[in-house]
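The following pair of complexes shares a single chain, subunit A, combined with subunit B in the former and subunit C in the latter.
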Partner chain A sequence: MAAPVLEPGPTGGRRLERRARQNYEAWSWVFMRLSGLVLLFLALTHFAITHIVNDVTETDAAFVGERWSNPLWRVFDWALLALALSHGLNGLRWIVEDYVHSHARRTATKVALYSSSLGLFAYGTFTIVTFQAP
Partner chain B sequence: MAGVDVELRIKRFNPDTDARPHWQTFQLQADPTDRVLDTLHAVKWEQDGTLSFRRSCAHGVCGSDAMVINGANALACVELVRDAVGAGAGGGTITVEPIRGLPVIKDLVVDMEPFFAQYRSVIPHLVNTDPVGDRERLQSPEERARYDDTTKCILCAACTTSCPIYWGNSGYVGPAAIVNAHRFIFDSRDAAAEERLDILNQRSGVWRCRTAFNCSEACPRGIKVTEAIQEVKRAIVYDRV
Partner chain C sequence: MSRSPGTVYRGRSGQWAFVAHRITGFLVFFFLLLHIVDVSLVSRPRLYDQVHQLYGNVVLRLFEVGLLAALVYHSLNGLRIVMIDFFPGSIRNEKRVLSAVVSLTALLTAVGGWIIMKPFVEGRLL
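And now, the complex of A and B:
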């Protein structure tokens, strides 16, 4: 008997015929990957400017005022603040869900985490928006 | 071949008499080409018959004797004494513990039921309601190659019990279950990929994986476990298998 002839298989993968299945956890994983990449650029640039190009011991309000006279640097710093906080917060949320098993303790830990992050974000945003050079 | 002196340190636990596990040391002679399983046999048959451990085929196929050998998950029937005591050494110490993250029943025997329950939860079998017909469900070599790596799993639990997330949270379905879901999700003959992706899309599923790579390192069959988990994540995010 001759061997059956096979049609070549799909090469690009099968598209699934169904509703999209990405949920909050899926998007939070994608967010961690993308924000991590952006943070690599933002954090390293920030580090180079504040610690290598300039001497951190001579950094004062005048230095910040001069830098923030360009609104693009305010946007840069605000993006760094927002992404670093949300990336870190989401990572901590994963760790809490891994290791804190009691429902009450988990809720309390998350409330403390979320509220302190929100406070830091509000304080940082307020500073970036309202700061005026001395 | 000259024998080597082996000091075998075994983490023992007897639920009838012990409140907690303790270490016990046995001295014996072994050939460098003996397997760690042979040293366990030597202890059980010649020194202390109460030592409990699992093994079945003893040739790296059935997956019964995964244990922590010198701190790393391995199959006792595959790990050689010469590798465990260090190359060129005249002898040395081998430590053996039960795999972590599953309840210890006695000595090196753990309760595998949570592990198998997680395995069953991902529908680890072919689902296809099309009429069977009078011939095989054919598949091209390319389609077969898509999931070849994950067909090698022997369910020894070395990957799952090396996962730091699984140690901390036994609600995580674990690498082995995801590997076995992968084996059917990417099988062109299977029709239940969506159900499996829905199961693995829950909080207990693939999103618990932090890509620590312990699983890939632990797998005695060399399955790229972390890569398989990432492929399942990608299938969920891109809606494509």
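And now, the complex of A and C:
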């Protein structure tokens, strides 16, 4: 998936531009592998706690309150939020770049994608940070 | 277009693994967006509990089993991608690893799915 491609490029300013883009894509490639490995643990643990160990109907507001009385669970959930969103956002960026061919529509799709993800990231962070047990 | 066996990726198992990886990733991402909104209701406990009871409904239980399948496939196939990227020699076993990914996904989804559907099967919940 979107592995970095090293090839002799053009010269001058365009070469620097291309190199910056290649660096960016190479780091995005590394990020997907590292965040993916961490997410494997975080997401499957989270799913096991909320759907397997406990039935989903037991995970009510009191359940969340009890878990979030421990700040480590808030850190766990926030890490899951941040990594899952950024991993998913980068994956969706690859999908948009592969399938949306028109430059204008690609830019518009990305702007919509980035702004909604950023908004939801702020909203999720707000939920975790400001929660007070009743 | 003529095909030379061994070098053409299109239509082979690797391409289907890739397509399934995209689809499962896409679905999990959109569940995450929904999940951020539903958890945000937790500051209003009574409303949160009402909305949350919906997840015990049989339709949404089936949806949760689907989410489990997507999560497990995306996780295990992700490990397969990491394996191929960091240990290029392992590409020789790529097909066997893919069938292990698919079988393990089916097995874990069946076991987890049984646990998720059990309250419904036993008639405790709608």
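Here is the rule we use: the second predicted complex is superposed on the first by the 112 of 134 C-alpha atoms of A that agree within 3 Å, B and C clash if a C-alpha of one lies under 4 Å from a C-alpha of the other, contacts with A are read in each partner's own complex, and residues count from 1 in each chain.
Quick note on the criterion: a residue touches a chain if its C-beta (ideal position, glycine included) is under 8 Å from a C-beta of that chain, and two chains touch if they have at least 3 such contacts.
Since this is a predicted model, take the numbers as computed values, not measurements.
**Student:** According to the stated criteria, A:P71 is in contact with first (subunit B), second (subunit C), both, or neither; which is it?
**Tutor:** neither
**Student:** Subunit A residues in contact: does subunit B have more, or subunit C?
**Tutor:** Counting contacted residues of subunit A, the larger count belongs to C.
**Student:** Identify the partner contact of A:H101: answer first if only subunit B is touched, second if only subunit C is, both if each is, neither if none is.
**Tutor:** first
**Student:** Could you tell me if A:E25 is touching subunit B, subunit C, both of them or neither one (first, second, both, neither)?
**Tutor:** first
**Student:** On the A-aligned overlay, A:L40 touches which partner chain: subunit B = first, subunit C = second, or both, or neither?
**Tutor:** second
**Student:** Inside the complex, what are the residues of subunit A that reach subunit B?
**Tutor:** Answer in residue numbers: 4, 6-11, 13-16, 18, 20-23, 25-26, 28-30, 94, 97-99, 101.
**Student:** For the complex, give me every residue of subunit C touching subunit A.
**Tutor:** 18, 21-22, 25-26, 28-29, 32-33, 36-37, 39-40, 42-43, 45-46, 48-49, 52-53, 55-56, 61, 64, 67-68, 71-72, 75, 78-79, 81-82, 85-86, 112, 115-116, 119, 125
**Student:** Which residues of subunit B touch subunit A once you look at their complex with the stated criterion?
**Tutor:** 135, 138-140, 142-143, 165, 168-169, 188, 193-194, 197-198, 201-203, 207-208, 210, 233, 236-237, 239-241
**Student:** Using the touch definition from the top, list the residues of subunit A that touch subunit C in their complex.
**Tutor:** Of all residues in subunit A, those touching subunit C are 1, 3, 33, 36-37, 39-40, 43-44, 47, 51-52, 55-57, 59-62, 64-65, 81, 84-85, 88-89, 91-92, 95, 116-117, 120, 123-124, 126-127, 130-132, 134.
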